[in-house]
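A, B, C and D are the chain letters, set down in written order, and residue numbers restart from 1 in every chain.
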Amino acid sequence: DDTWTVAGHTFRSRLIVGTGKYKDFAQNAAALEASGAEIVTVAVRRVNVSDPNQPMLTDFIDPGKVTYLPNTAGCFTADEAVRTLRLAREAGGWDLVKLEVLGEAKTLYPDMRETLRATETLANEGFHPMVYCADDPIAAKQLEEAGAVAIMPLGAPIGSGLGIQNRVTIRLIVEGASVPVLVDAGVGTASDAAVGMELGCDGILMNTAIAEAKDPIRMARAMKLAVRAGRDAYLSGRMATRKYADPSSPLAGLI
Amino acid sequence: DDTWTVAGHTFRSRLIVGTGKYKDFAQNAAALEASGAEIVTVAVRRVNVSDPNQPMLTDFIDPGKVTYLPNTAGCFTADEAVRTLRLAREAGGWDLVKLEVLGEAKTLYPDMRETLRATETLANEGFHPMVYCADDPIAAKQLEEAGAVAIMPLGAPIGSGLGIQNRVTIRLIVEGASVPVLVDAGVGTASDAAVGMELGCDGILMNTAIAEAKDPIRMARAMKLAVRAGRDAYLSGRMATRKYADPSSPLAGLI
Amino acid sequence: DDTWTVAGHTFRSRLIVGTGKYKDFAQNAAALEASGAEIVTVAVRRVNVSDPNQPMLTDFIDPGKVTYLPNTAGCFTADEAVRTLRLAREAGGWDLVKLEVLGEAKTLYPDMRETLRATETLANEGFHPMVYCADDPIAAKQLEEAGAVAIMPLGAPIGSGLGIQNRVTIRLIVEGASVPVLVDAGVGTASDAAVGMELGCDGILMNTAIAEAKDPIRMARAMKLAVRAGRDAYLSGRMATRKYADPSSPLAGLI
Amino acid sequence: DDTWTVAGHTFRSRLIVGTGKYKDFAQNAAALEASGAEIVTVAVRRVNVSDPNQPMLTDFIDPGKVTYLPNTAGCFTADEAVRTLRLAREAGGWDLVKLEVLGEAKTLYPDMRETLRATETLANEGFHPMVYCADDPIAAKQLEEAGAVAIMPLGAPIGSGLGIQNRVTIRLIVEGASVPVLVDAGVGTASDAAVGMELGCDGILMNTAIAEAKDPIRMARAMKLAVRAGRDAYLSGRMATRKYADPSSPLAGLI
């Protein structure tokens, strides 16, 4: 069957969903359920660990059934990101983590210099970092050499919903990678997710496209289907395009 | 549940598949099965009705379980198309039919003048024509007034696999129509089908994208999923796009 | 030198500009001047012919130096359009005219059925109609057979500025035509005009893109340059595209 | 008048052309002339400096009239690039240089880590490096901080002619930059160059699009016009787009 494996963990679902922007944890859990995702990503710096009177995400999404992927959202330096993930490991034992080191608040583009530094440090400390990155095929290879267990290029700015802007770079990254490649940001609707998979990506991570849909639960289902559709289309080997028409039925020899 | 109705017939699947270009009827039937389609379209002028030694499509695809939609592929005038469908009705009793009147062989674009004439004639004779047409919002309304029970604009030339070229016209046709709208040609891969559904179409008809994939059965499944994904995405109300990034997690108030 | 000819009239400029939406006639005249256009199109039904106290366009744009192309903007039937152009001919002697028969006010798409009828009538009465039409290659041929001296498909809805939505249809129309083809609507900025010319069109007609720019005069100049650029690029025979990079300098044999 | 300035040098032309792939130096010089470019970029490692029997580029393109911009094409490390430019400075006194440090031969994508290192070194040694880079807004800012006097993101892989793949990143780089931004690779035809300028870039560098056109001289002229067209369109402030049509002439109050 069609699975993918990252740092020794094998998954059937190729969709990873987030935990921001939902109305509440119940809606988040329902969307996760509808999406079929086996991995949920959580901003370590936003997790409530201190106030027992506030609701806990783990009460809604069972860490025994769903893989929690701690991420470093909100970190703007390698040091900050590394410290954040050390805390996460101490608290919950996670070593499969998602690294993001942001360059600035307006674009939320990664700072690739800091990202590379953090990846090296994390790998040396035994983490398995899945790494948010620019759609730069050379930087992607360098991340891999530095110890990234998955390459996660953005398709468009985080939360923009603009869809995958550059199919050439995503294709080149996929062709060059020997670890899984997942599109990490920019998906706005189902066809965007399908496009990412048709380019040969191993999966898609998204948050806003589901959380900000008018009906997040239905959109979560749409994304589950779109990722599977794109994956199947990629594996099927699509038809070549033609500049002119080509009849489904031979025009010669008709009755 | 989410169904659509054309001329009194209600369907759950929003995918219509063809019967050209497959290796053989067995492969065609397997692709149909994988696609989940409830309607299959057949070129009347290519159907074997005379040679009992040749295989029959109906031996592979059961007309009792799947709706046969006779089409006029290969007809270049209204008269030819009308005659073809009269024959089909006499032979099999069909009145839900697919009309296509081609303008020329290179582009396989419809001749809209002849198409309008044929639609009127067919409607007057009690047919329920689903009509292949240019992606022209005004012509679409005229077809509807002439008796078309479904509007089927091309997304790109038949068999080209180029994907939906003009999202503006498809959207305008959907907004103006009071009968179902289905994209009828040009889909090349799964995301193309999702795009059509996200524009609000009621369904997609395709043939080459499935039949010419390296693995037609898997592509048929991809298309089933893509059409559902696009439909769900349309009904969910997608997020608005943004020019800049927007964090999934508020950057303020981090630990 | 590179000229084009329509109904016996030869022009060097491949840009046709309109006369709507400008602040005043002076601005319109200045934009025309900057655009280098030799043809200006005027809505017959809006021309002031009765009130001598109102300014006259002809006081600003000299009909002795610029070809006036009367158009039927605002006509929704063939009869209305034909009557309008008969009036124009009686008043000014024009027989080179621009026909547009609109289908409805929201999309301003042409009604191709009425457009074809009007084209035939006009041709029979000795007019030379340049015809606004849908981007439908078969309808384009029918217009030509009916007597159109130029085919003028829309690139996007009039006044939308969305740019050319469907490069496939424009290319197919150009390949099939034996009269000039001009993109008639939808251009929003300079690159849109260049794209139209690169597809092999003989010219571009635009109004809103110039009139609604913050600086219409400068945009008029941009359009003049863009049309020339696109024309030159078309005639030069552009490079083929490549899936991968190709060095400008051979990497072997370097110092 | 509309000029741009890099490291104290002011230019009127916003087009920079290359010196690879031409039939011979004479054709190269003629294309340069037709392009109106004031800067020509030359691969230092390919320049013939030793064989007096071979033709010299400087015999065809006068360094007294055109600014030579030495580039590091073919360099895959910072050290190699820095050494190459030191040689160039010793030989010809250039300090305005174009840095490119490639990551690998297939994509010719820059190695941004090495590129940043080289930029720092060059700036420290008094060079004024214009820097080829990935279309990564954060890396662009880091280059600027490291001493780049111009940011030169690729639009698509070198020599691919695919056109600008990601308008979002180019726009973000332009918005963030306080030095000139020039698109450095990927342009295939005139409209691509116009698009780059409409995004607010200060200029465009190209080689293959001109050299591999069937008629390089005419394409050079096309590019000159396209760059000017895009610049004028950018400065004019283009119209907003609309989802629906908008008549050039008010439909009310017609005669």
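Methods note: contacts are C-beta pairs under 8 Å (C-beta built on N, C-alpha and C of every residue); 3 or more make two chains touch, one makes a residue touch a chain.
Note that the structure is predicted; figures quoted are calculated from it, not measured.
At the far end from chain B, in terms of centres built from Cα atoms, lies D. For the pair chain A and chain B, the CA-based superposition corresponds to a rotation of 180 degrees in steps of 5. Chain geometry summary: the mean Cα position of chain C and that of chain D are 33 Å apart.
Centres computed as Cα averages put chain A at a distance of 46 Å from chain C.
Within chain A, contacts with two or more other chains are made by residues 107, 109, 157, 160, 162.
The residues of chain B lying in touch with chain C in their complex are 103-104, 107, 109-113, 116, 134-139, 141-142, 156-157, 160, 162, 165-169, 172.
Residue ranges of chain D in contact with chain C, taken from their complex: 18-21, 43-47, 73-74, 105-109, 157-162, 188-191, 193-195, 198, 207-209, 211-216, 218-219, 221-226, 228-233, 235-251, 254-255.
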